[in-house]
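You will see two complexes here that share subunit A, one where it goes with subunit B and one where it goes with subunit C.
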Partner chain A sequence: MLKALNIDPGKCTGCLQCELACSYENEGLFNPAKSRIKVFNFHDQGRFVPYTCTQCDEAWCMHACPVDAITVNRATGAKEVNDNLCVGCKVCTIACPFGTVNYNSATGKVIKCDLCGGDPECAKACPTDAITYVDADWTGLDKMRQWAAKTDAGNTGTGQQAAH
Partner chain B sequence: MAWARRILRVNLTDGACTHEPLNMDWARQYLGQRGLATKYLMEEIDPKVDPLSPENKMIMATGPLTGTCASTAGRYSVITKGALTGAIACSNSGGFFGNEMKNAGLDMIIFEGAAKTPVYLFIDNDDCRLIDAADFWGKSVWDTEEGIKEKHGDPQIRIASIGVSGEKGVKFACVVNDMHRAAGRSGVGTVMGSKNLKAVAIRGTLGVRVDDMARFLETTAAGKAVLAENAVTGQGLPTFGTQVLMNVINEVGALPTRNHRDVQFEGANKISAEAMAEPRESDGKPNLVRNAACFGCTIACGRVSTIDRTHYTVAERPEYQIASGGLEYEAAWALGAATGVDDLDALTFANFICNEQGLDPISFGATVGAAMELFEEGVITDKETGGIDCTFGSARALTDLAELCGRGEGFGAEIGLGSKLLCEKYGKPDLSMSVKGQEFPAYDSRGVQGMGLTYATSNRGACHLRSYTVSSEILGVPEKTDPLVTDGKASLVKAFQDATAAVDSAGICVFTTFAWTLEDIAPQIDAACEGEWTSESLLEVGERIWNLERQFNIAAGFTGKDDTLPKRLLKDAAKAGPAEGLTNGLDKMLPEYYDLRGWSPDGVPTNETVSRLGL
Partner chain C sequence: MTYVIIGAGPAGVVAAETLAKTDPSGDVVLIGGEPEAPYSRMAIPYVLTGIIDHGGTHLRKAIGHYENRGITLRQARAERVDPAAKTVHLEGGGSQAYDKLLIATGARPIKPPVPGLDLPGVHHCWTLADCREIEKLAHKDAHVVLMGAGFIGCIILESLVERGVKLAVVEAQDRMVPRMMNETAGNLIKDWCQAKGIDVHTGTMVTQIADRAAGDEDKLLVDLDSGKQLPAHLVVVAAGVKSNIDFLDGTGIDTGDGILVDDHLRTSVTDIYAAGDCAQGPDFGGGFNVHAIQPTSTEHGRIAALNMAGRDTPYQGSLNMNVLDTAGLISTSFGDWQGGAGTESAEVLDAATFKYLRLNFKDDVLVGALSLGRTDHMGVVRGLIQNRTPLGPWKDKLMAEPHRIMDAYVAHAYA
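For the complex of A and B:
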């Protein structure tokens, strides 16, 4: 089963544990500035929104790369940057409509989410399940379940039953 | 590791910014943050200096865990000689500034001297410089944060700054970071203002390492699991915030009301966590938008709130019709029960103003309470207040005074003296509900006896965070004690004081201790830091810090006579509730406490204690 990161901003408290976990996994130290996932704080609205690469099928970054440094990991679906090939031209950072590929001036390469090889550290670190790693074909399942629970149809008056 | 091993010394008088290695011998003795910075301060200034003179220094300090993935590990503190108290001051803040400072490779920033004209310190990793702050002087914290980010073209800069109150010498001005997190108490922002230092702006991208990364990940994960499973840190605090306490403390008859005249507030329910969750009539939305976390915090007790758009405070002012930092328990108490005001929106507005202009809401609200008593007694009149009707319960007086005090104008400037100087000025010193010049927080020591000793002996003046025996006496953590008796409280207070000093010095939040004991914390510090760290060694560090702070205060001129409470708490019995008929039994606890501390009967650490702790 192909899995995908599923982000529910309503559950995010803005603690940045995901950024800490991501930077540790990728850089070997705690450094939110080098995280591939970012939490945005819309202060005046009281909203926190984690944001990272959604691993597009026809990935703009991958198609834009002139040296084929971005390739698909067939097992995870992640678009991964091959550091040995990346020349730091940043064309992918321009091509990505979502801004989730970024240049790292310390290495001269670009960095982006690679799903940690299929076991994303951000999802494991999130204390509120705002970031989960779920069936890529059913990222809407939780929301569907919530709305399903609110529908009256089928309510026989015997009380609420757990849905699976 | 864990420590960045580097400090930045900023001489505001000549503008020099110089990196120095951290004194690692002191780090091993005092851990970091509160303890370590107090050691530096003690070594570098004469405790007798005027807190607002250039001879006073101000230190911003992180702990060894700050910036790591340990839960709540984003804390930093401001350590100086307090403007409100003249005692050692250490005010601790969350938000994201501490992490940014650590990521710029800094354990501490020591500010000395004073700038001739307003400046702010800008740090971009190794690049540190003072920049003219003329554009920001006279601006609020909120405008300063926005303005500095815009000026540098970098929205990711983290900023700690003072509002207009700190520029104008309001005695309880705080240093606010990330819009609404504050190093709140004792007037540390007043000291910053006296140095003409408007803000510290940091962009840090160097990263933070610990000694044993693998073991650190294990021990911090175990710690997070404990917090998640605990009823207080896993459920109560994220859902209700610290405001969960409002109705609880009122019911046990320990909610100081109308300048401590009463111990229960009839309007408590209207300003409680429950009230914050209640949909309001105008738009069907509650005051509380959601909870929020500081850096790395898996508890997330922070409140994000809005004010009813039809409320008089904001109806014509769209700039305040936003979500921002909401009421925590201490602020809700001080702005509400202490003044007799039960208008939740007025309290939330006053809280916004405290954040925007850098006022400590505890000292502000409590001082307004004192002014209201002076007003009701006829000691001050419309003439002194500039026409403000300062009767208890007046929401308009509260919100008008918040704005005036925030700008240091009119009668607000007199409120800005703090309750001690205000009440002395009008010949009623006994009406100041304070210890060592600092106003009480939200627990009446007639109903929670241990808190009387906590307040009387707190090194930074009246404070709940130095030894939160409420945890034991009311909440039963780690074990329940009777709040109405003095027996056993001396040892309870000492144990809380020592443990808390260590926790504060590590870079984590004291709220973790609702669930964590030192047995949970020591393995995290031990994995992060070189050397061996155990519960026992942390307690010893805590005791060493407590005694060092005491030595600072003694050198500053404080004596055992200052370890006392206002007459109202010692002579006037509680009028209602479970503590009805009780005063605080400080005289029964204090001698035993001195003895347990290894201090002389007049409160001075004995030579034996000093040498045992290696002071």
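For the complex of A and C:
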């Protein structure tokens, strides 16, 4: 069974260990600005919300890519960017309605969550289990997925895409 | 069932793949007019910058990708379509019968009525063949004149700058990227380019290009209506594009700016569909428009194919959106970026750092946006517009602080 990141904002304390772990694993430096997971701070409510790619079935980023640089990792279900093929055109960054593909001007390529190949560092670094890596069917991402389905360009009426 | 697709760009390729997957018993024939593997015009500027080689522009990279899916690639140009005989006639005398036909012939560059555009050294930057010519001429310190600073012009501009040419840009409109950026953003892009040493002439027309008969390599002389004359080794013409639909005259297929299609991507003629840059389809913001952009072409291709294969799939309409990197300054535009009657706008501008964000609302729903110097999470603008998310109290927060757009999104979609 595929696994997915499960995010429980109620448990997040805003410590940003996930951002540091992500940027170190993927970019080799402790720099939250280069993290693929972001913690949003709602000061007025005293609330923190970690946020990253859900590896959605619709995969707008992958379908919008003009050079076949984003593919599905069959083992993890992650949509992964191939740096050797990415030209840095950034179309995926505006096509993804979740805003979870970003441009890295230092490399001229886009970056997105790839689940660290199946062992996500953010989940390991989270001290409060706000981010866990669990069987995909158990995650609380349904609300976001439903939201995503509404953006789908060609909706068959069942909430599911007929084909890709 | 024989499915025939004319045009091997992104719309055609996605349609062919979708048809092969959705109706495995059908035959899928993909007709492309150029002697190349199906490729992305969008990627050509990145060949010029040296990020990829010519093969890097190919839409699909795996060997046997088309054969393995039972897709037949046919290199030919469609000359005309005979809907009564359900046949596509090809240049050179061949023909191709179809049961269902998709027209995905894309667009071609406009050649403005300026004397001298046929001279050697004057090129569009549209095909891989054009790319090879530009590669020969656009060497370091070569004098290059770029006609047109629209969206495509600015992408080419970026690659020419990367090649180290001495660049002059001539744009007829009063600002850069006039069809994607308002005055504020378009002028900031111009300031940015000039600070990078690019010679920018807005509100200026090229009146003629002449053979300079010079002893140096600048064989061309470009006359501007301002009276200036620019010697050039290469002139690149990027003065807009138009849908490739002329070959359909006499078929009874209704056309406007492009081929008119309904919300199932059907043309006015039975069993003929259209997709991508040649199609004038439902606009998410209302009406029917040609949106010659990559995301629309792949959506069109997929949805047209599903309907061709008998899966009833209505299209909610394409959202116009663009992202552009002009010599390092990144800009985006989404949906109704102009705003106007019935909309409210919030803006934040820091001209010194080339940062700008404008959000347009209808009631408490985001309907359009423009940005400059901002790359993080811009996709949520698409999400908020296309989901017609009622922003409630966040509308007022965004009117006061537009840069909190991502907070507004997270608060709605995921909290």
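Everything below uses one rule, namely that the second predicted complex is superposed on the first by the 139 of 164 C-alpha atoms of A that agree within 3 Å, B and C clash if a C-alpha of one lies under 4 Å from a C-alpha of the other, contacts with A are read in each partner's own complex, and residues count from 1 in each chain.
As a working rule, a contact is a pair of C-beta atoms (placed from the backbone, for glycine too) under 8 Å apart; a residue touches a chain by one contact, two chains touch by 3 or more.
Fair warning: this is a prediction, and the values are worked out from it, not measured in the lab.
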Of subunit B and subunit C, the chain that contacts the larger number of subunit A residues: C
Partner chain in contact with A:Pro127 - subunit B first, subunit C second, else both or neither: first
Which of subunit B and subunit C A:Gly14 touches, first, second, both or neither: first
Touched partner set for A:Gly46, first subunit B, second subunit C, both or neither: first
Which of subunit B and subunit C A:Val72 touches, first, second, both or neither: neither
Touching partner for A:Tyr24 - first (subunit B), second (subunit C), both, neither: first
Which of subunit B and subunit C A:Pro32 touches, first, second, both or neither: first
Partner chain(s) touched by A:Leu85 [first = subunit B, second = subunit C, both, neither]: second
Overlapping contact positions on subunit A, where the subunit C interface meets the subunit B interface: none
Contact footprint of subunit B on subunit A as seen in their complex: 13-17, 20-21, 23-24, 27-34, 43-46, 48, 125, 127-128
Of all residues in subunit B, those that touch subunit A in their complex: 67-69, 96, 99, 103, 156, 179, 204-210, 213, 217, 224, 228, 238, 289-298, 300, 302, 304, 306, 322-324
Interfacial residue positions of subunit A with respect to subunit C in the complex: 9, 38, 40, 42, 47, 49, 51, 60, 63-64, 66-68, 85, 87-91, 93-103, 105, 108, 143-144, 147, 150-151, 153-156, 162-164
Complex interface listing, subunit C residues touching subunit A: 10, 14, 18, 21-22, 40, 42-43, 46, 51-52, 56-61, 294-295, 298-299, 302-303, 306, 311-316, 318, 321-323, 325, 328, 330, 332, 334, 375-383, 386-387, 406-407, 409-411, 413-415
